[in-house]
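Structures are listed in the sections that come next.
Note that chain A is present in both complexes that follow, paired respectively with chain B and with chain C.
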Partner chain A sequence: MSLLKIKLSFSGGIELLFDNIKQKSVEIPSSINPPNSTTMKDLISWMKDNLLKERPELFMSGDTVRPGILVLINDSDWELEGELEYEIKDGDDIVFISTLHGG
Partner chain B sequence: MGRLCVICDKERAIIKRPKTGQKLCKECFYYVFETEIHNAIIDNKLFKKGDRIAIAASGGKDSTVLAHVMKLLNERYQYGLELFLLSVDEGITGYRDDSLETVKRNQQQYELPLKIISYSELYGWSMDQIVKEVGLKNNCTFCGVFRRQALDRGAVILNVDHIVTGHNADDIAETVLMNILRGDIARLQRCTEICTTGDGCIRRSKPFKYTYEKEIVMYAYFKKLDYFSTECIYSPNSYRGHARTFLKDLESVRPSAIIDIIHSGEAFEIKKEVKLPTQGVCKRCGYMSSNELCKACVLLEGLNRGLPK
Partner chain C sequence: MLYGRQLILPDLGKSGQLKLKNTSILIVGAGGLGSPAAIYLAAAGVGKLGIVDYDKVEKSNLHRQIIHNETREGISKAQSAKMTIEGLNSLCNCVAYEILLDSLSALEIVQQYDIVVDATDNVATRYLLNDACVISGKPLVSGSALRMDGQLTVYNYKGGPCYRCLFPKPPPPESVLNCADGGILGVVTGVIGCLQALQAIKIATENDESPNNLLIFSATSYPLFRSIKLRSKKKDCVICGDHPSITKLQDYVQFCGSGALDKSPSVKELGREDRIEPKVYHNLRNETPHVLIDVRETVQYEICSLPSSINIPLKDLPKRIEDVKKLLETPNTSVYVICRLGNDSQHAVNILKNYLKGEVKDIIGGLYKWSLEVDQEFPIY
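Take a look at the complex of A and B:
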């Protein structure tokens, strides 16, 4: 099975759940859930199992990210990209920003 | 997924606006975002030429975007305002000291004068000391009451006419919910007002009243604005946090929920027979108060006497 190399970024306070790392390049299987291609939905649960350090309830709600966490795929609002159904491509740049922290 | 901006029909859309569902490109998003705030300012006649305005700046996303947008609109539309940054130092090690560094960078970036006013100098107590005394139960009450006064006192020192705060539509909707849940009719009335003035007290307004948090965060992200985002170490589980989660859940089902709740807050009418507390002034410090002593003086008295442990 081939691997997809992608870049993940965390800001707005959500990095605290990921060992305080702001950016990380990771390799994920191109088909986490064979025979289907890896989607955002697969990625989010993969992140929970492989990267998340604490309090999963602050990152996820059901099978998606918790409301109030913004997601950008290649600098575009994921709501324009199909959200959970988006199929990850090699080289994708995915950003998670929490809006839940004080202003 | 080919999709062009619905306004210019040229560039690729990068954001779906929560309020309208419109798909916009970066430049059109900036324009719409800034113009809506300008319209809120003009429609509500928030400022007059020559006004001296303090921007309440915490270093967080909302006030950082507010400082950026206020400076930009003041220049673009020639409001003729004199702008200042006003920050409160609550004295919280590992939180406010870091966020104040962000404010100091903003001061450089935006070239605005900055005044920092601290709880220690105003009240003789920092939040670190207060938490040591009262624990983690009611500490947010102290902080909230003290901050409100601190901003007013800082504004007097700066000799400004007006304070603007970064409260956004999500914050206001949250406050409406909290005031309904607590049955706080007097606050429910005031919390949706875009501009408030107490007796002899400095005007306060919220230019982001109609601005969604999502758009503020996206704007800060695309503009690469420098902001600070760590949760206060003393507020792990506040009442507001629950209201916020509830509101975000509603928004994910129906994005208009936020504006709808603000509208509901505005639509509540209080029967004429209902007696609301009348505003007077505190006998001790002269700050506006509906009781003999203002809340800050009552809290301070408790602290200075030493609360029963």
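Take a look at the complex of A and C:
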């Protein structure tokens, strides 16, 4: 099976759930759920199983990210790209950002 | 001439300066974001500034709340901000609101201004301001900051999204860190607050051509800024969509599960039998053999700690159970756990209880309560 190489970034405190790493290049299967191409939904659950270090409830809610996390695909709001249904492409730059509330 | 150096800017000019003079801006929060925003907006010649804050000036906030100073400790932040603004530019009409903005007061105040700057520090007030701005048709310049990061967005402006379009549901309260718990570098709020002032000036002078975007600032990343293209307003948004179901302000504390006054949500994970009051612990401290574990992050432990306490940060605790066991004189030796405010310590007790035979208790209210009730010399930070 072929692999997709993508860049993941975490910001706004989510990095604390991922071993305090802000950026990470990972290789993921191009079809996590064969025969379908890997989607954002697959990626999120793959991250939970392979990368998440603590407290999954602070990252996920159901099969998506929890309220208050914004996902960016190649510098665009993921809503513009199809959210969970977006098919991951080699070289994608995906950012998970927690909204901040302090001031 | 007060505004000479900015009047000669082709992007501003006399007409822009007049627009600023005729603009009123409401700044909600005279803290780390509101301080620089208010100073620059007043200095630039904005005609009327409203400042909302119910809090008092505190020393531990002066590193970022630079509109205040040491001589103003204990007085209202709204009043203190007004004093600074009036000293800086007597032409600015500044109104101080020493209140906690809520669903009863928000609309009436927001309606009196052209632009609203969200410089608050909690989720409930952010939803409240969003809804008040959508209902009264005002652009909302929203900034936020924590640790080394900041974010800036304009909501409800030129067909762009509102806060609810982006975040229909509030985050779980336990996922929300505030500056008191997470820490914040003063200049980080300064960067975001200045950008809020800039954005408000661009809106006031009708100079803003940028598409809907979210600006992310991270002091520790390269590049420092990232600009993200945002969705448009959502047709099915409950407040700004085509068929809004929310037409008046709500109970935001209930909606968010926490309010403006909850500096940190108090966690109650443990029953009374697993907890001990700081005074009671103080009395047995020299009498009973025990181990005291401090589960704060090491950077906090290094600032101040109780003598003989052992630092094991909460996140390392599960993999350091064997280290804890080695500290015990006998398998039944009591273990007490302390942290800053008494939340993490409860979590730690729940972990330790599974492995230890003796008593494991957390010290209620943490070092904060220790400082209030046992040792006033112990620093609160």
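Note that in this section the second predicted complex is superposed on the first by the 99 of 103 C-alpha atoms of A that agree within 3 Å, B and C clash if a C-alpha of one lies under 4 Å from a C-alpha of the other, contacts with A are read in each partner's own complex, and residues count from 1 in each chain.
What we mean here is this: a contact is a pair of C-beta atoms (placed from the backbone, for glycine too) under 8 Å apart; a residue touches a chain by one contact, two chains touch by 3 or more.
In this text, all values refer to a predicted model and were calculated from it rather than measured experimentally.
Contact with both chain B and chain C is seen for A:Ser11 once the two complexes are overlaid on the shared chain. In the superposed model, A:Gly82 makes contact with chain B only, not with chain C.
When the shared chain is aligned, chain C comes close enough to touch A:Leu58, but chain B does not. In the superposed model, A:Lys22 makes contact with chain C only, not with chain B. Counting contacts by the rule stated earlier, residues 11-13, 66-68, 70, 72, 75-77, 79-80, 95, 97-103 of chain A appear in both its interface with chain B and its interface with chain C.
Residues 1, 3, 12-16, 23, 58, 60-63, 166, 168, 170-171, 213-214, 216-218, 221-222, 229-232, 244-245, 248-249, 251-252 of chain B are the ones touching chain A in the complex. Residues of chain A touching chain B in their complex: 11-13, 16, 61, 66-68, 70, 72, 75-77, 79-82, 95, 97-103. Contact residues of chain C toward chain A in the complex are 29, 31-34, 119-123, 126, 143-147, 149-151, 166-172, 174-179, 182, 184, 189, 192, 214, 216, 218, 220-221, 226-231, 315. Note for the complex: chain A touches chain C at residues 11-13, 22, 54, 57-58, 66-70, 72, 75-77, 79-80, 95, 97-103.
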